[in-house]
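When the chains are written out, they are named A, B and C in that same order, and each has its own residue count from 1.
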Amino acid sequence: MADKRHIVTLLTDFGTSDYFVSSVKGAIFCVNPNVELIDVTHSIPPQDIFAGAFMLRNAYNVFPRFSIHLAVVDPTVGSARRPIIVMTDNYNFVGPDNGIFSYIYKIEQVNRVVEIKAEHYYRSPLSPTFHARDIFAPVVGWLSKGVDPTKMGDVIEDYVKFNIPEPKEFGPNLIKGHVIHVDHFGNCVTNISENELTYERMDQNKVLVINNHQVRLFCTHYAECPDGEPCALFGSAGLLEISIPKGSAAHTLGANRGTEIAIHFA
Amino acid sequence: MADKRHIVTLLTDFGTSDYFVSSVKGAIFCVNPNVELIDVTHSIPPQDIFAGAFMLRNAYNVFPRFSIHLAVVDPTVGSARRPIIVMTDNYNFVGPDNGIFSYIYKIEQVNRVVEIKAEHYYRSPLSPTFHARDIFAPVVGWLSKGVDPTKMGDVIEDYVKFNIPEPKEFGPNLIKGHVIHVDHFGNCVTNISENELTYERMDQNKVLVINNHQVRLFCTHYAECPDGEPCALFGSAGLLEISIPKGSAAHTLGANRGTEIAIHFA
Amino acid sequence: MADKRHIVTLLTDFGTSDYFVSSVKGAIFCVNPNVELIDVTHSIPPQDIFAGAFMLRNAYNVFPRFSIHLAVVDPTVGSARRPIIVMTDNYNFVGPDNGIFSYIYKIEQVNRVVEIKAEHYYRSPLSPTFHARDIFAPVVGWLSKGVDPTKMGDVIEDYVKFNIPEPKEFGPNLIKGHVIHVDHFGNCVTNISENELTYERMDQNKVLVINNHQVRLFCTHYAECPDGEPCALFGSAGLLEISIPKGSAAHTLGANRGTEIAIHFA
């Protein structure tokens, strides 16, 4: 069993210049030194729950079954907001009940959501400002050792989810959506999926408008598009993104999160 | 014994855009591939020994007993400054003898400090500019394999420590301290601990003054304080910090490391 | 065999604020959870193949034999550029055939270069924009499990390499080179090695000129040089670098990658 190490992913807004992330890891190791820790990112903008939720959406499902996903963007740490475990067939998710799992609730078949209450699983003394270290980390440790989530608290139904911003259709010839993420390369990831832009529609004549720029090139990969030209393609997150090969679409098009886009069909 | 892997933490000012950190890790693995490496941070401002020492203070003691802490902020690498191992009951610390362990000397019962001298434990050839890779990393590797630190050199007593900046009391109604760290969220961590601001005094009427701003709200957690309002609370490092929920206290109050604070009691 | 874990290093231009790096790691773990993953850096400037190649040069050879090095800077992902495995006696290198292994071809005895073609080793479905996750990561996973690289494709000879910029000698008294990397500390790493600046020549009277600044101090380590003074020394990469102890040479001398340097001998 020695090589059967549980994988734990970590996604936070803690940054990497402080001791915060390492303390979470140390607290997990205190419970179970035999886990494999993988950072998703710690660069979620401070307290930006939506950005955390969207990043988790893109990150979680590449991991092997039974991985545990810890996601902490927690502006109201120490308040009445509840610590929870979200159970699906493949994964357990651990974090605050503030909407950070909204995409998971939408995409996955959720079996149970457990409000963590069993304080004997916590680190002691409990800091009121650092639940990631003192509650979430040890809970992750115990989960990785096989403790049943339902032993750690009560099943709840009224967990918090925010509305996921959906694109809108205006008749058969117009879809409006917006940029929900700008990635490291300046690609503008929109909320348009293949549900809206079906194979059929990909064949139609169409133009995407963003900040008064017209994008007419719809590609399947970056290399298909001339350097410096904006193009639209489905990226690895399964969403339409506007990209400029060897450039930054966000910079060139003046776009950022929230920027509206429209697709007009001929 | 397969799951009995030694934990090694790494704290440096090397940044993460170069090969430096990975070379340290590779050099440790060359001696002992069976260690678990955890980054504390590599974003200590270049050559800022104090910042490194303070970060180590906050990071080390969450880790399981027998973890090894490597801390390298080393502006005079290659000079006469000594490589050392600091031994406490729970941990071994490895790094340069330049004051980076000053907080450890103050907080922990130090059993021995060993000047590393046994060159057969070094990586060869020894680079004069990269002792982290060529001295500290292999020494960490050997320690993690159970080599006794005292076999690696001589016990010394004259190890370097700097004066830790302490708050001062001016009569019964005034404490002066200063900001010693601004964290990722803009929280201003001061050098005021519960030694100065006792439970008793927390109950007294008082005002904290920082850069002509008055902070009257003393809380126990962030969520207690209205958004956008500065408050003071004891953070996870056990020190009083000035925080603005959903904002940056450092930015709003114009504070940074070194900024004076005063607490006046009524 | 439980502690015989393959080391895999990762070097990309993916940044650390997205899910990209974690997806590569997750995809490796899906094939072989029993690997040890080490980040070299993910901060290569986007699509800067040269910078990636140079960083790999400096990073790879500290690692134990049989480590696998994954290097992905891949501006033309999804195009006709080939995925390859570069085999040397000590390591396997995995990445795109776009020149990123140019330094390896120059320094190492390359046994074989294999174009990866065996799609049953890929992750499925294959994304056209994320070969690091869908091709390179599983290939690394299978290599770490002992699959022979030559089972994954065909040996090729016409792999891509760029010309490595070499210093030039103008008679016996002048060498010209340039800065090829500025590191985290502001040190300006040049392409001058001990091949050009031999022991003999290090003893000669000489001056290094960079952006009209004259550097006369040639040292062996940083601490030899007065604070704030520019000096030249051979750094841990085996290349001459211009450094300012407790300062940034790049900033003070206005230098960056590409800046010319000249060494005049008396």
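The rule is simple: a contact is a pair of C-beta atoms (placed from the backbone, for glycine too) under 8 Å apart; a residue touches a chain by one contact, two chains touch by 3 or more.
This one's a predicted model, so the numbers in the text were calculated from it and none came from an experiment.
When chain B is fitted to chain C on its Cα atoms, the angle of the rotation, on a 0 to 180 scale and to the nearest 5, is 120 degrees.
At the chain A-chain B interface, residue numbers used by both copies make up under half of all numbers present, so the two copies contact each other through mostly different positions.
With centres set at the average Cα position, the gap from chain A to chain B is 31 Å. Residue positions of chain C touching 2 or more other chains, listed in rising order: 2, 16. The touching residues of chain C, counted against chain B in their complex, run 2-5, 7, 9, 16, 36, 38-43, 55, 58-59, 62-64, 67, 183-186, 220-224, 233-236, 245-246. Considering their complex, residues 2, 14-23, 25-27, 29-30, 33-34, 37, 46-47, 75-81, 127-130, 133 of chain C touch chain A.
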